[in-house]
Each structure stands twice: as C-alpha cells, then as structure tokens.
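Should a chain be cited, it is by its letter among A, B, C and D, assigned in written order, with residues numbered from 1 in that chain.
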Amino acid sequence: MAKPSWKAETVPCEFKLVRQVEFPDTDKSGFVHFSAFLRYMEAAEHAFFRSLGYSIWTRGIEPPVGWPRVRAGCDLKHPLRFEDRVEIHLLVREKKDKSIAYEFIFRKLNEQPVKEVGRGTLVVVCVTRAQGKMKSAPIPAMIAERIEVAPPELLEPCP
Amino acid sequence: MAKPSWKAETVPCEFKLVRQVEFPDTDKSGFVHFSAFLRYMEAAEHAFFRSLGYSIWTRGIEPPVGWPRVRAGCDLKHPLRFEDRVEIHLLVREKKDKSIAYEFIFRKLNEQPVKEVGRGTLVVVCVTRAQGKMKSAPIPAMIAERIEVAPPELLEPCP
Amino acid sequence: MAKPSWKAETVPCEFKLVRQVEFPDTDKSGFVHFSAFLRYMEAAEHAFFRSLGYSIWTRGIEPPVGWPRVRAGCDLKHPLRFEDRVEIHLLVREKKDKSIAYEFIFRKLNEQPVKEVGRGTLVVVCVTRAQGKMKSAPIPAMIAERIEVAPPELLEPCP
Amino acid sequence: MAKPSWKAETVPCEFKLVRQVEFPDTDKSGFVHFSAFLRYMEAAEHAFFRSLGYSIWTRGIEPPVGWPRVRAGCDLKHPLRFEDRVEIHLLVREKKDKSIAYEFIFRKLNEQPVKEVGRGTLVVVCVTRAQGKMKSAPIPAMIAERIEVAPPELLEPCP
C-alpha cells in the first residue's frame, strides 16, 4: 500500500532552527566560540522534540526517559560573527532501538548566497534512571514512531 | 579578654580565590564578559565553603539545604583580559538567621601595583526542599558557627 | 503642545524580548543559573538597539562607539526552569550625556497569571577607543535622540 | 645516536591539566553539560602552550598567529558531577606544517580506581590575519620545534 502523502509531514526526518549569534557566544577572536556550535545543535534537537509534541525533558511518558549525549562533534569551515543569522539544519542519520544519531548543517543566512559554515554530529542514548543509576532503554514507541531517518541524499556531504 | 589567635583561622570572615581568565570568558570586545564576574563570585563562595569542610551542595547535613541566589551585582571599573590573573576576595558582610550577604573585591594581580578592577555583591538564602517546594530555613548551626562577619574596615569602599 | 501620538512609537523608552529557557542555562539545581539573567538583560538591550536601527556593535557611526557595562545586578524572587518562556522587559531609567541606565523586569509567561520573577539593572557607558585605550564619550546624537527615559510609573517597584 | 634524556622534557608531546567541575558547568540533569568538555579541552591546550612559554594568543611572534578550531569532538562514557576532579590529558596526535591535531583523555580523579570518562579530539589551524582575512600559515618554527607527536602507544584507545 502506498505511503500516504501526509506521512512525510507528520513523521519528520529533519528540522531547521534559525538563531542570531549573541554577544556572549563570541570570544576575543571576534568569532563564535567553537563550543557554542554544540549548544546550537542541542537547541535544534530540543526544538525538534517540541515540534513533535514532546520535551526532551520528558513529561507524560512513564517511565521518564533522558537523553545523555555520548558523542558530539563539529567541523568548522567558516567563522560566525556577532548578530549573524545561522540556520541549524538537523537531520536524523540513524535511529536505533536505544539511540539516535543526528547530523547538522550550519548555514549563515545573512550572506548571499547562503553559505555552509560547518557540520555537526550528535549521538544521544535513551536512558531511564533507577536508584540514581542511568540505564540505556528502548526509545518509547510514542517518540520512536514520530521520527524517521533522513534519506541518504540529504545526508551527503556537500560538494 | 583577647581573642585567641587561632580564632581568626578557624572562623573565617573572608576568603581569596585566584583564577586565570579563560578564553570563553572573553567576548568580541576582547574583555571578560560581565556575566563572568558573577561566575567568579560564585566560584569563590563555593571554594570558601569547601575551605570550611562543606560543599555548597551539602552532603552530610540533614535535612539537606540549598543556597539560591536572591541578589547579585557587580560594579566594574577596569576590564579584564584573556590570561589575566584575578583575585576574587570574598568578605562576609552579613550573616542572618536564614541568609548570608557577601561582598567581593576583584583585583588584577598581573599588574604592578595590583589594581582593583571591580566589586561585587551576592545574597544567598538557605532553603530546604519539601515536596518539590523550596522554603527558607535557618542556616544549619554547624555551618553558621563556622562563618563570621568581616570587620567594617575590610568592607569599606576603597578611596 | 500635545506630544504627537506617533512620538511614543518612534522614540521608545522600553522594549520587550521573549525567550525560552535553554538547557545550558540551567544548572544542577534544576533552575536557571543566576548569571544567565545578566545575559538575558543584555540580549534585550541588544535587541532594543536593533529595533532602533543600530547594532550595539556600531556600524556606520564615526568614530565607532562601544558600550562597556559598569554596573549590573539582579534581584530574583522566583526560579525559572528549562523551557519556561520569559519576558525580559527593558525600561530606560536614565539617559545621561555619556551613559544609559536600564531597568529590567523578568516575567514568566507560561503561568497564569503571568508572574514577575525578578528585576535587573544595567548601566552602560559610551566609549570610543583610541590607541587601544577606551575613553568615555558623548552618546552619538543619532542614537541619543532615539531613546527616551521611561515615565516614573513604569519604573516603580511592583507592590 | 641516542636521544638525549632531557629531550623528552623540553619537547613535550603531552600535558595534563586538573580542574574541578564548577556549578555553571552542570545542567538540570545534575551532570556536566557536554559542551563543557570542549572548554576543558581548550583550557588544557592553552595551559600546554603556556607551559611551552607561549600564549595561544601569541605575543612576541611576528606576524602574530591565531589558532582557529576546525574540528572538535568528544565521546563520553561516564558523566561528571559538580566538584568532581577531572584530569584532562592532552596528547599531540599529529603535527603538520600548518595544523595540529590533539587527542584528550578525560579521567575522573576522585574515584578509586581513577576512571576514564571520555575522550576528545581537537584540530587547530595556524593562521595569520591580513586585511581582516584569515589565511592558513606555517606554524612558526619557534613553536613547532617545541612540540612533538606522542608515541602511538599513548594514543591507543583504552581496552
């Protein structure tokens, strides 16, 4: 049976967040500090979850799950400056039973043509806590079924 | 009767922390971002508590207490730069039943003569948590008796 | 002569910025770290400048001016949590020849009725740089004439 | 000819920095925010440079060089908490004409036996600035000759 066309909308594999570089994101070099890119990635991930109807700090799911980050990284090609408008493009690269891998493309919007300034990676693991101990756990179905892996062509490195 | 000389050591009214300005503390201006001064003050407060034998995140006190900040501020006269060595001089200005007020003097050590670059204020309240609610509470005696208010001459503004 | 009604719009004395609490703004207590309130104040100040047609990091003004912070502080009555929506209400308290004093009211919007959670203060000085030295300077007319002091009733402490 | 024994000391291939987790490094989860690991890595890199007699923000080198980060990442196995003592072990993995690649091992010292909690990677490029443009440049000899690549056995992943 053909996949209904509305499916693509309700089961997203990507998300875009736009934010403007704030002053404390910059450092003495005049550019955005590299650790800020990890915060940008996480902000997009959290907004992605909200777009699905959930908070990353789950409410309404029993048992509650958390999403510690086990891998994070970024490749930076061009610097960002104060008040630059940056698009953080989240793509779901992999969805396993207990973890999700995201890729991110950073684009500077206030320049024509729009310029890719870097890429990022984030791998998070779904966990529950019992007796103060974290334990990896299957992603709750109600979340897992709302997330789709992005098609390979979206994930390909830019030329 | 003369105050025993060991008193000054065991019941302190002040504490000094020295740290070096790190790169992410700076911003595009080349100077330390003003919000970093609040982090510096807090770092000195936490080191002060450790010097008393406690963690600000109390362990071994029942019921556990927390110290939310209800007032914080700073006056800045001279900027700090990357790798400057700054002394954060904590002084206890007031000790009430349920709160402590601190004053801070920031000094740049890598300049001769040593230069006062700013002052800060921090007021914290002792609280306990019950059913997820915070409630102000008397400072546990074992902590209160280890802290003394600084003599007025130490607290006077510099000329 | 009556003040023309459009005046209030073009020469503003206040500005409101709404933002959502992000994960790294929180700390182990589960609440927003107090230093984040200073960053929130500054974000509102910078957005206020952009609303006037300027960047706080002035472009197009000769000589370029900067705005170092000489005083900053906040009083906090209620904590903020992850994903809370906070309104940062900037009010111009004082406009001098070479400095501006702002007041801020923090309101938590995702609670009914809307709750004031704290207040803040920020004093900035207009400076130029020559030979690497900062020197206080008159606020450029094109900026000064676009900013008005808020009427006292807006600045009064809430009951 | 045998390598003189003092060589290992004067031309280092590794560096260790110990720091204590500060309160704003933590987030609502109670653990250190993952972006802090990038700041820790950079702090170790900057301390490494100081141990060589240089600042990462070079003084006394003509033309001045900068070290933008082009790649950064970390793998995290165990969380860190407030006041944990963490050793950041920097190892030089690669030294090219215009770039340096570092590896980092994070170890939690306040636990017996000492536990590896994560690993990190950082690649920096040496640049000069001319007319506001950054351009990759050979690492100045006086710096390059003071840095050695770590032997493979130090860089091997732990079992």
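Please note the rule applied: a contact is a pair of C-beta atoms (placed from the backbone, for glycine too) under 8 Å apart; a residue touches a chain by one contact, two chains touch by 3 or more.
In this text, all values refer to a predicted model and were calculated from it rather than measured experimentally.
Chemist: Pick the pair with more C-beta contacts: B-C or A-C?
Modeler: Of B-C and A-C, it is B-C that has more C-beta pairs in contact.
Chemist: Please identify the chain with the largest separation between its CA centroid and the CA centroid of subunit B.
Modeler: Between subunit B and the rest, the longest centre separation is with A.
Chemist: Centroid of subunit A to centroid of subunit B, CA atoms only: how many Å?
Modeler: The computed centroid separation for subunit A versus subunit B comes out at 38 Å.
Chemist: How many Å are there between the centre of subunit A and the centre of subunit C, using C-alpha atoms for each centre?
Modeler: 31
Chemist: Report, in whole Å, the distance between the mean C-alpha point of subunit B and the mean C-alpha point of subunit C.
Modeler: That pair's centroid distance is 26 Å.
Chemist: Identify all positions of subunit D at which a residue touches two or more other chains, and write them in rising order.
Modeler: 23-24, 28, 35, 39, 42, 57, 82
Chemist: For a test of understanding, state which residues of subunit D touch subunit C in their complex under the given definition.
Modeler: Listed in rising order, the residues of subunit D that touch subunit C are 23-24, 26-28, 30, 33, 35, 81-82.
Chemist: Which residues, counting only subunit C, touch subunit B once they are in their complex?
Modeler: That would be residues 28-29, 31, 34-36, 38-39, 42, 57, 66, 68-77, 79, 121, 134 of subunit C.
Chemist: Touching residues of subunit A toward subunit C in the complex: what are they?
Modeler: 22-24, 39, 42-43, 46, 50, 55-57, 82-83
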